[in-house]
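Scrolling down, you'll hit the structures one after another.
Below, chain A partners chain B and then partners chain C, in two separate complexes.
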Partner chain A sequence: MSARTDLLLSIADDELILGWRNSEWTGIAPFLEEDVAFSSIAQNEIGHARALYELAARELGTTADELAFDRKPSEYRSAPLVELRKLEWARTIARHWLYETADEIRLAALKASDDPEIAGLAAKIDREEAYHRMHAEMWIERLLSTEEGRSRLNEAVDELWPYALGVLDDVLRPELRARAQEQLGRVLPEVEAVPRGVHEAELAELLEEMTSVRRSAPPGSQW
Partner chain B sequence: MTVDDVWAALAEIPDPEIPVISLVDLGVVKGVSVDDGTVHVDFTPTFMGCPALEVMQRAMEERIAELGAVPSVVVRLDDSWSTDDITAEGREKLRAAGFAPPTPRPAEKLELVQLRRGFRCPYCGSTETRLENLFGPTPCRSIRYCDACRQPFEQFKTI
Partner chain C sequence: MVFEVFRQERKGQPFQHAGSVTAPDEQFAEIYAREQYARRQESVALWLVPRESVHEIDEFPDEFEMKYRRVDGYSIKARLHEARERAGTLDMAPGATE
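Now for the complex of A and B:
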């Protein structure tokens, strides 16, 4: 597999798995506006995954659906940050903000790529992601504005920080640290990143649930 | 069959989710060419996760087939669609149907402060409005509230 396809699959897997995680709030978010927001963000992320899988599928001679649903858990390239199941609000917001910040840094690098397909798709995705970032930042401001919010957010960020670093390649990590520290107004610990390719147990459970309908259908079914 | 015939046919197809405007008003048709019996359409998606995209593509293929040609709709996966591509007529139709049209795409990065300004309410015209939610019932819409006429309304997101 080429480095290009490997990169496309890493990003597509991040977006698909996080899209699924975000959709877990559908119907049960703390209030209706957030129910709508997380459902809409999930829909966007899964749309981005589909476009990225389509580019990868062309090179691999397969389809976006097969890449999304028919691989073994060990074949996914997602970052462990997106795999964790975090149905607790401060952790959900911390993960959302850390991921969107890392994703902005990654997309900026891809927009400058010499590969016109990758640069073009990254620019398109980035315009939609701008809304996710504004949403995440609104919540960070809100949580930082009260003592309880600040303490719960900080605790969640400390727990997730090694995972957040693992979303990006080594060269892009200092930028994530600088941005996160600036927004939180504190220094984040020097820790080892949790790397891509080492999967959390939650990934297998997620894939089991996500693919259950597809697996239950007779081969060749049309959706 | 001419290119103009194809444009006219595509202009009759309503947007699946906001049927007051057509696909041509929406600006998603980037180009049309006619080559023997085949019609090529260069189609650029709005939001990538929008489930209406496949409906739009199928509707265009069906319409072209009705004209007696073989459709070939190519979907672009790039940054070639912006809400700036919605035609003036399309914006007016959106406003008349109760959707605030999108603001022009800013030259620099879009900031939350720009979206928190008081945009004009499509019902009463007041600018005493506020952002309720960046997200709405479809990926392309945000929710606002008008303090003057106490009516929530939707705004097309700027991208």
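Now for the complex of A and C:
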């Protein structure tokens, strides 16, 4: 597999798995408007995953659906950050914000790519991600504005920080640190990143559930 | 806070009330309104108005039933029909067949 396809798949997997995780809030988010907004963000992420899978599928001679649903857990390239099941609002927001910040840095690098298809798709995705970032940053500001919010957010960020670093390659990590520290107004710990390639146990459970409907019909069924 | 949302479907068209969003502040309201009223490209612009800023008037006393002050005060359709019948010009009325 080419480095290009490998890269496309790792981003697509991040978007698909995070989209799924965020969609777990549908119906149970803290309040109705947030429920609608967060579910919509989740759908956007899955839409980005589809566009990225389609590019990769062309090179691999397969389809976006097969890439999304028919691989073994070990074949996914997602970062452990997106795999964690965090059905707790402060952690969900911390993860959402850390991921969106890392994603912006990654997309900026891709927009400068020599490959016009990758650069074009990155620019298209980034235009939608801008609203996800607005949403995430708004929540961070809000949580930082109260004593309780600040302490719960900080606790969540500390827990997720090694995972957040693992979303990016080494060269891009200092930028993530700089941006995160600036918004939080504090220094984040020097820690080892939790890299891609090692999967959280929660991933297998997620895939089991995510593919259950597809697996209920014979392979190649038309939906 | 409740924000009333008005949406414009196409450039140049009037803004029409679309519904409302409940949000802790303007920033959240913007995100929520985008997601609820514009995510499928169904609007080209939105107005968000805090509900407190809306000055509502809902009492219009009409003690003397001054119907003549309204454009629909008099119904002339029936009287016109009668008059045309008397004059034998019913077939010349606008919209008359033959």
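We take it that the second predicted complex is superposed on the first by the 223 of 223 C-alpha atoms of A that agree within 3 Å, B and C clash if a C-alpha of one lies under 4 Å from a C-alpha of the other, contacts with A are read in each partner's own complex, and residues count from 1 in each chain.
Criterion: contacts are C-beta pairs under 8 Å (C-beta built on N, C-alpha and C of every residue); 3 or more make two chains touch, one makes a residue touch a chain.
From a predicted model like this one, the values you see are computed outputs, not experimental measurements.
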Clash or fit, chain B versus chain C on superposed chain A: clash
First (chain B), second (chain C), both or neither touched by A:I46: first
Comparing the two partners chain B and chain C, which touches a greater set of residues in chain A: B
First (chain B), second (chain C), both or neither touched by A:F31: second
Touching partner for A:I125 - first (chain B), second (chain C), both, neither: first
Partner chain in contact with A:P73 - chain B first, chain C second, else both or neither: neither
Touching partner for A:H135 - first (chain B), second (chain C), both, neither: both
Overlapping contact positions on chain A, where the chain C interface meets the chain B interface: 33, 36-37, 40-41, 131, 134-135, 138
Contact set on chain C toward chain A in their complex: 21-24, 27-28, 30-32, 34-36, 39
Residue ranges of chain A touching chain B (in the complex, touch as defined): 33, 36-37, 39-41, 43-48, 50-51, 54-55, 117, 120-121, 123-125, 127-128, 130-131, 134-135, 137-138
Residue ranges of chain A in contact with chain C within the complex: 31-34, 36-37, 40-41, 131, 134-135, 138, 142
Contacting residues of chain B [partner chain A, same complex]: 47-50, 77-82, 109-112, 115, 132-139, 143, 157, 159
